[in-house]
Structures are given as C-alpha cells and as structure tokens.
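Next, two complexes with chain A in common: one pairs it with chain B, the other with chain C.
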Partner chain A sequence: MGLSAMVAIGLSLLMGFAGQVSLGQGAFYALGAYAAGLLSVPKELFANGLGLDPLLALAAAPLLTATVAAVVGVPLLRLRGHYLAFATLALHLILLSVIFGEERLTGGQTGLIGIPALEVGGRTITGNLHTAVVWALVVVCFVIAQNLVRSRAGRGLQAIATSEASAAAAGVDVASYKLRLFVLAAGFAGLAGGLYTYLLLYLSPDAFTLLISIEFVVMVAVGGLGSVSGAVLGAVVVTLLQYYLQKFGTRQELLGLDLPIQTPTVARIGVYGLIFVLVMLFFPRGLLPAFTGALRRLGRR
Partner chain B sequence: MRGAGDGAACRVEGVSKAFGAVRAVRDVSFAVEPGSLTCLIGPNGAGKSTLLHCISGFLRHDAGRIEIEGTDVSRWPAHRRARNGLGTVFQTTRPLERLDVWTNAMVGCHAWTRSDFLAGILRPPRQRREEREIREASREALALVGLEQRLLDAADALPIGQLRLLSIARVLAQRPRVLLLDEPVAGLRAAEKRQLTTVFRDLRERGLTQVLVEHDMQFVGSVADRVIVLDRGAVIADGPPEQVRGDERVISAYLGTAVL
Partner chain C sequence: MTNFLQLVVVGLSSGFAYALVGIGMVLIHRTTGIVNFAQGAFAVMGGLVTATLVDDVPTFLAGLLAVLLVAAVGGAMGFVALGRRGRTTLLASLIITLGLALLTSAVHLLVFTDVPRTYPRISATSWDVGGVTVDPQYVLIACVSLASALLLTFVLRRTIVGNALVACSDSRRAAELVGLSVRSLGVLSFAVSAALGALAGLLIIPLIPLTYDSDVSIAVNGFAAAAFGGLDSIRGALAGGLVLGIAENLVIGYIDPQYQLAIGLVIMLMIISWRSRHEVAT
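Moving on to the complex of A and B:
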C-alpha cells in the first residue's frame, strides 16, 4: 500500500500537475525492484548477481531508475497526450519482454531468488518494521512533492499542463522541466520497487504486469488529479479494494459455481474499470476534492 | 522607414514566414523605438499573429533577422527570449484554473527568478527570499491592472474581462522591457476596453515598449504612437495613426470591412 502510494505520488506530479500521463510507472517500479535484486544477490546464488550490501543496492535502485528515465525520457517526452501514454505503456512491455527473455540476467519466468534481507544497524527490516520504513519514506516523498508543487518550479510545471506555449512565454524551459519531473517520478517508482524487493526477497515477473501501470494511473485519478494527498488516498483505497477482491476471487466457488482459475485476474481488471468509471461519473475531480468539498459545505451550515 | 536607429527595442529585418504555399509574412522590416506603443493592424489573415509569433519565438521565421534590444535572438527558443525581457500575451490564454489569481500572476515571475527543482524541494533561505520577492512582485503587477482585490479568488471564477487583465498582470510580473500583445481588447465590453486603454497608457508612461496587434481602430487611435499596416503578409503603410488612416492603400485593403 505504502509502495503504491510512493509511486502514485510521483505519478500525481507528472499527471495531475504537469499534465503528462504515463502508463509506464510500473516499468520503473520493476526496474527499481530488479536493480535492487540484482545488485544485492550474491554471485554464488545467481551468476549475474553483484552481492552488494542490500542497503547500498536499495539506494542505487532509484538512482539507476532515474538515470534510465533521463535517457528514455528525451525521445518519449516529445510525445503528447495519448501518444505519450501509449509510448510509456510500450516501455513497460519492452521491459517485461527483457525480464522474461533475458533469463540469465533476470531469472526470467522462474524469478530471482536468494536476495539477502535488508539490514540496518544489525536489525533486519522485515514485517512491521519494513512497513514503517516504507511509510516513513512515503512521508519524505510526500514532502518533496508538496514543496515542489508550491515552488517556482511547481508553478512552471502547472503552467505546462495548461499550455506549453504559454509556459514558455513565461520563460519556462518546457522540455527540460518535463524531463526533470519524469526523472523524479521514476526515482520514486524505483525506490518503491527497491523496497518491494526487500519485502519478499524474491522477484517474479508476474508481479510487474501491465496491470500495475494501469493501477497507478487509476489510483491517481481516483484520488484526485492535482492533489498529492489525493494520490496517497487513491493508493490506499485501490489497494484495500484489491485486497478484498483477491480474497473474494480466490474462493473456489461462488454461489455454487466453480470459478475458473483466471477469475482473480479478470476480476481485478474488471473492477479497475468499474471503480474508474464510477469515480469519474460521480466525482470527476477525484475522491479527495469531492471529500474536502463536502466537508466545506458541511462546515458552512 | 520611420523609427529608431541603433537603439531599437525590437528590430525586424526582412522577416518572412510561409506555411506551405501560404506566404503569411513577406519580407517585413521595422524597428520599434524604446518606450513607444506600436499597433500592428491589417485585415483578417494578414499575418499579424504570425509575425508576432516569429518575434516571440513560437514560430521560426524562414528568412530575416529579429533583434531584441540589439541582440539577435533569431535562433533563441521562446523561453530564452522571455527570460531576456520579452513578454508575450497570446490572442487566447487560459489561466491555471485550479489556482488563485495571485498564483497565476506568480507564474510570470518565472522569467527573472532562478530557484529550480532542488531549491523548491529543499527550500534554502535563498529560495524563501526569492519566493517572498515573487509574491510581492506579482501582487504589484495585479495592482497595476486593478485586480488586487481578487488576489485569492479562483482564476476560473473571473469573467472574461478580468481574465484578460490577469493575463496582462502575469506578463507584467515577468518584468518585460518589450511587450507583445495579440488583440488584447478583442471581445471586451466598452468599459473594459477603456480600462485597458488606461493600463497601456500607464505602461507607456513607465517606459515599457509595446507592440499590439489590434482590429479596433478607435482603440488604436487612442493609444498608438505609430501604426504599421500589414496586408497579405507585407507592410503597406507605417506611420502615426492620423496619417495611416488617410492612406489610400490602407483604405483599399480594408475596403468592404469598414473598420476605418
């Protein structure tokens, strides 16, 4: 949940403030996860592992992810609107095919095992402690995002969302600003991916399907575009829903019917579509603005 | 050619711009004196907006040279021109709807401030000082156009006349030395036009160089020091408003449109 929130915060900057829809945040999440995994897995357990200290690997994950974003962002961000969305989606597809195809590098379909646990000062970061660390870092990302939004650069980014030409007319270097934000959002996703690696200590490509990229966009849109807290709320709501659906969907039978094995996946996709449509119908500006608006109306009575 | 010598605030020399077969601007030359107010007029499709966009850098001209305060900016991207004292207001501008009037004006301050991503995130004292300066400067810009009462109102709540004022406040917050405006009074009511006329005269008093594209001849006559008439991409007349009004080529270019 916290991991999704971290990715969603970055994406909300990109989508909700600068108006750049990315359907590829899942790719950066995966990249961060595999970077952390491959850097820290010992050579004895996996030929291409580097066996670095997990803490170092975790720090490197967002940096590597951001670097990749800086490179692919240059051509990608020339695209606008739907084109950008599809191109970033394609980026995710390419990454998946690399993960599946380059078995010797990534462990392929079988996954990457033997990742050592994250230790800080002799304490192993697992379970509740891991959750606490994740949320502490979510807070850091949140503060970064909030500060950025309320700064000169943040205003420049919001001007880009309204009109790139009028932003440039005010002196905003549009291409460079878009790229820098893309890199920052990718960094958040990479950090979340790295933290995910040290949650399970095992990476399977199945955790990084296209669905997660869509999931992040749904979280941001559901929570409310143009609000960083909305993105966190969206992440929490969507993750909770998904958790209960998973429980519901993995039952062997429903109302006396035998359910096919694909039910959970199909249900998930269907339900995202459904939440998305419902929220957009009833709260077109997202849950958080709708909620604060209602509070304000109540307060006025 | 009338106008400034070497001290021109803005100089256009042999500028041409074509869109495919349409030669929107053909070999246009003029120099604008610092502190003057020049109106660019002409029938629909004459190439006024195209020329303005070439000067501000949103279109790359095919031939010729554009100088701002003596510097050749022909190859500069639009944002760099904006950071060097050139302010542009488009024919249609949308505000940042989710933000208040004040923040909208602050966007203009981008042109002369420096704090970037890292400074915005870490907020060192230098950045906070700059933010205070931005708030002050944008408030002053809003006061100049008479919007200081609406600082904290949502920008999307403003009526069209005040939105136009806001876009002018935003460009003034850029602290431009040369200002380009595309049809700033189009679609406004008489009272709003009068208010803007006062604003442009004030700015002229303050020494700002202005180039306005405008259709409304009454407005042009009341603010302009000089009028340049474009027709089918070329300059057909250039001089003080009274002189241009009587020019035969201008009258025939406008024949049937009855604006003069």
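Moving on to the complex of A and C:
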C-alpha cells in the first residue's frame, strides 16, 4: 500500500502537474526491484549476484532507476501526448521481455531467490517494521513532492501542462524541467521497487506485469490529477479495493450462481476499466475530489 | 536465402494483419483526433467470436457475423470515447479507450476463458514456391488487407460519406459549420475501424491462437504501424505494418523469439522519435 503510494506520488506529479501521461511507471518499479535484488543476492546463490550490503543495494536502487530514466527520458520526452503514452507502455513491455529473455541475469521465469533481509544496526527489517519504514519514506517523498509543487520549478511544470509553447515563451526550460521530473518520478518508483524486494525477499516477473503500470494510473485517476495527497489516498483506496475484489472473487458462488475461477482477474480488470471510463467522462478531476466536493456541497445546504 | 525468404513471407502475413489494425487507428485518428487503444480488443473479439461460431455455422458466415458484431460494439465504444461535448480532451479519450479495452478483455475472459482459441486455416495444404512454403492463409490475409486499404481509400476519395470523413480530419470545426454531424461521423469511423480490426483478428487467429489478453500487443503493434505514417496515412500504416511484421519475424528467425515484440517496439520508438524531431512543435 505504502509502496504503491510512493509510485503514485511520482506519477501524479508527472501526469497532474506536468501533463505527461506515463503508462509505464511499473517498468521503473520493476527496475528498482531487480536492481536491489541483483545487487544484494550473494554470489553463492546466484551467479550474477553482487552480494552487497542490502542497505547499500536499497540506496542504489532508486539511483540506478533514475539514471536509466535520465537516459531513456531524453528521446522519450520529445514525444507528446499519445506518442508518449504508447512509448512508455512500450518501455514496460521491452523491460518485461528482457527480464524473461536474459535468464542468466534476472532468473527469468523462475525468478530471483535468496535475497538477504534488510538489516539496520543489527535489527532485521521485516513485517510491521518494514511497513513503518515504507510509510516513513512515503512521508519523505510526499514532502519532496509538496515542496516541488510550491516551488518555482513546480509553477514552471504547471505552465508546461497547460501549453508547452507558452511555457517555453515565458522562459521555462521545457525539456530540462520535464526530464528532471521524469527522473524524480522514476526514482520514487525505483525506491518503492527496492523496498518491495526486501518485503518478499523473492522476485518473480509475474509481479511486474503490464497491469501494475495500469494500476498506478488508476490510483492517480481515483485520487485526482494534480494532487499529491490525492495520489496517496488513491493508492490506499485502490489497494483496499483490490484486496476486497480478490476476496469477493475467490468465493465459490454468488447468489446461488457458481463463479468461474477467472473471477478475480475479471473483476480486477473490469473494475479498472470502468474507473477509467467513468473518471475521464464524468470526474476529470478524480473520483475522490469529486466525492468530497459533493459532500461539502451537501453539508452547506 | 530460402530461409530468409521464408521468414519474410511469414512476416508479411502478420504484417498485413498489423496493417489492418493500424489502418483502423489511422481512420479514427483522422476523423476524431483520438488514438484508439481498443483497436487490439476489436481484433481479439473478431478472432474469438469467429473461432467459437465456426463450430455451428460455415466459416464465411461466422466471420461475417463476427465482423458485424464487432462493428456494432465498436460504434458503441466510439460513442463513449468521444465523450462529452467540449469536456473530454483527446488524451482523456485515449484513457477512456484504454478503459474500454480493459473492460472488453474482462468480458472476453468471462465468456471465452483463458484458453487460447483458434480454428482451421482455409486450406490444410500449403504451396511450395521455389522452396518457400506459402500457406493459402497468408495469401488470404494479404488480399483482404490490400482490398480493404484500396476500398477505404476509394470510399474516402469518391463518396459523399468519405468526403465528409475527410472534411472532419481537415478541420472538425469547419466540418461542423457546413452542417456535418462530426459526432456521428466519429461513431461511423469507430464502427468501420472495428470491422477492420475484427478482420485482422479473425484472419490471423488460425495462424496465431489468441487469448483474452492478446489485445495489448496487437494494439501496440497496430499503433506502431500507424505511427510509421504519422497516424494520418493509410499507405503509411500499410507500409509500417509490413516493415514491422518482417522485422519481428527476422528477429524470431535469427536472434531470439523472446525479443520479437521488444525489437518491434524499439524500431517503433526510434521511428516516432525521429519523426517528432522533424515536426514543428504544436
């Protein structure tokens, strides 16, 4: 939940403030996870592991992800609108085929096992402690994002979202601002991915399907474009929704009808699809902002 | 050399299918400005419905029914994706079509389960042309795809409805001012594109079985084909589809089948970022 919130904060900055649609944020999440995993797996367990201290690997994960984002961002961000959306989607698909294809490097379909647990000062960070660490880092990301929004750069980015040409005319360095934000959002996703690695201590490509990239966009759409706190709320709501759909879908029957085994997936992609259509048609500012707005209007009566 | 030619021939068959999907995207983009992500879902629906119907009715009739059904669904989707007048931006429409594609694949999973579907090719025997095996199904795909592209070009140039669609692509506002209903034309273009997508799906499914989640890769490949011609040219989409199909199949043959989609996508990314460098900022 906290992990998704971290990615969603970055994506909401990218989509809401700078108006850049990324359908491939899951790629950076996966990249962070695999970076942390490969750096810390001991050589004896996995031939390409580096066996570094997990803490060091965790610190390196967002940095590596941000570096990759900086490199691919230069050509990608030259694209606008539809092209950027498809290009980021393509990025995720390309990364997935590398994960599956380069078995010796990534463990391929079988995944990556034997990742050591995160230890700080002799204490192993698992379970509740891990959750606490994640949320503490969510707060850090949140503060960074809020500061950015209120800064000169934040105003520049909002100008870009309205019109790139007029922002450029007003003296905003469009390309560099977009790239820096793209790198920051990728860094957040990379950090979340690294933390995910030390939650499960096992990586499988099945955890990073295209659906997660779509899920992050759903979170931002629910929480409201252009609101950092909305992104966190969206992540919480969608994760809970996902949990209840899973519970509901695994039931044997509903109202006397037998449910087929595919029900959880059907419910998940169906609900996401519905959210996209409804939000874009009727609540372009996001589901939750529309909901609280309606409550406020009711309260005033 | 024979091996190379064989790879090219197989690549052409999937290339013509990508081209059909891409041409549909071009038509919608020209008329409405929307990039339709659900184009892959149309192909999957066309394929899956035909593969199910062939058990009960003759193949030709099954295909025809599937195309009509998908065209109707496509028109309805177009109505939703066009959104509310003046309120829905083009990028919002893209997300709507993404949502519709997700909804469609949920329905596909529910109705057709996750088993890959297929049905027999038009002929069990294939031809041997100088050592290269040519399946009649390849020829069928090529003919249908070329005929559709020609017919569509003819309709756009020579008929009143076609001219109205072209008018929309030139300027939606001007088209409205001369009394055209841009919205109905948009719905029409979605229906026609859906029919083209369905054709692509039902022709390729005997060669490559499809499942409920095949739509993403079809949509991305179709977009890549359409982007080759800048999303606005039928000929460009046709050329793009063929280049992509051949390139991907050469990757399968000479490098690694794992990287089929990846290399195709890298080619697409290079082409569109090269193109964008030559476009004036809008």
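Here is the rule we go by: the second predicted complex is superposed on the first by the 271 of 301 C-alpha atoms of A that agree within 3 Å, B and C clash if a C-alpha of one lies under 4 Å from a C-alpha of the other, contacts with A are read in each partner's own complex, and residues count from 1 in each chain.
Definition applied: contacts are C-beta pairs under 8 Å (C-beta built on N, C-alpha and C of every residue); 3 or more make two chains touch, one makes a residue touch a chain.
No experiment lies behind these values; they were computed from the predicted model shown.
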Look at A:A69 in the shared chain and tell me whether it touches chain B only, chain C only, both, or neither; answer first, second, both or neither.
neither
Using the superposition on chain A described above, determine whether A:A57 touches chain B (first), chain C (second), both, or neither.
neither
Chain B or chain C: which reaches more residues on chain A?
C
Looking at the overlay, what does A:A165 touch: chain B (first), chain C (second), both, or neither?
both
May I ask you to decide whether A:V98 touches chain B, chain C, both, or neither, giving the answer as first, second, both or neither?
second
Of the two partner chains, chain B (first) and chain C (second), which one does A:L195 touch, if any: first, second, both, or neither?
neither
Is A:I275 touching the first partner chain B, the second partner chain C, both, or neither of them?
second
Name the contact category of A:A185: first (chain B only), second (chain C only), both, or neither.
neither
Jot down the residues of chain A that show up as touching in both complexes, chain B in one and chain C in the other.
165, 168
Please name which positions on chain A make contact with chain B in the complex.
144, 147-148, 150-156, 158-159, 161-163, 165-174, 180-181, 184, 226
Going by the contact rule set out above, which residues of chain C touch chain A in the complex?
35, 80, 83-84, 87-88, 90-96, 98-107, 109-110, 113-114, 216-217, 220, 223, 227, 231, 256, 258-259, 261-262, 265-266, 268-269, 272-273, 276-277, 281-282
Tell me, which parts of chain A touch chain C in their complex?
21, 23, 75-76, 78-83, 85-87, 89-90, 93-94, 97-98, 100-101, 164-165, 168, 210, 214, 217, 221, 260, 262, 265-267, 269-270, 272-277, 279-281, 284
What residues on chain B touch chain A, complex-wise?
56-58, 77-79, 82-83, 87-90, 93-99, 103, 106-113, 115-117, 119-123, 127, 130-131, 134, 170-171, 174
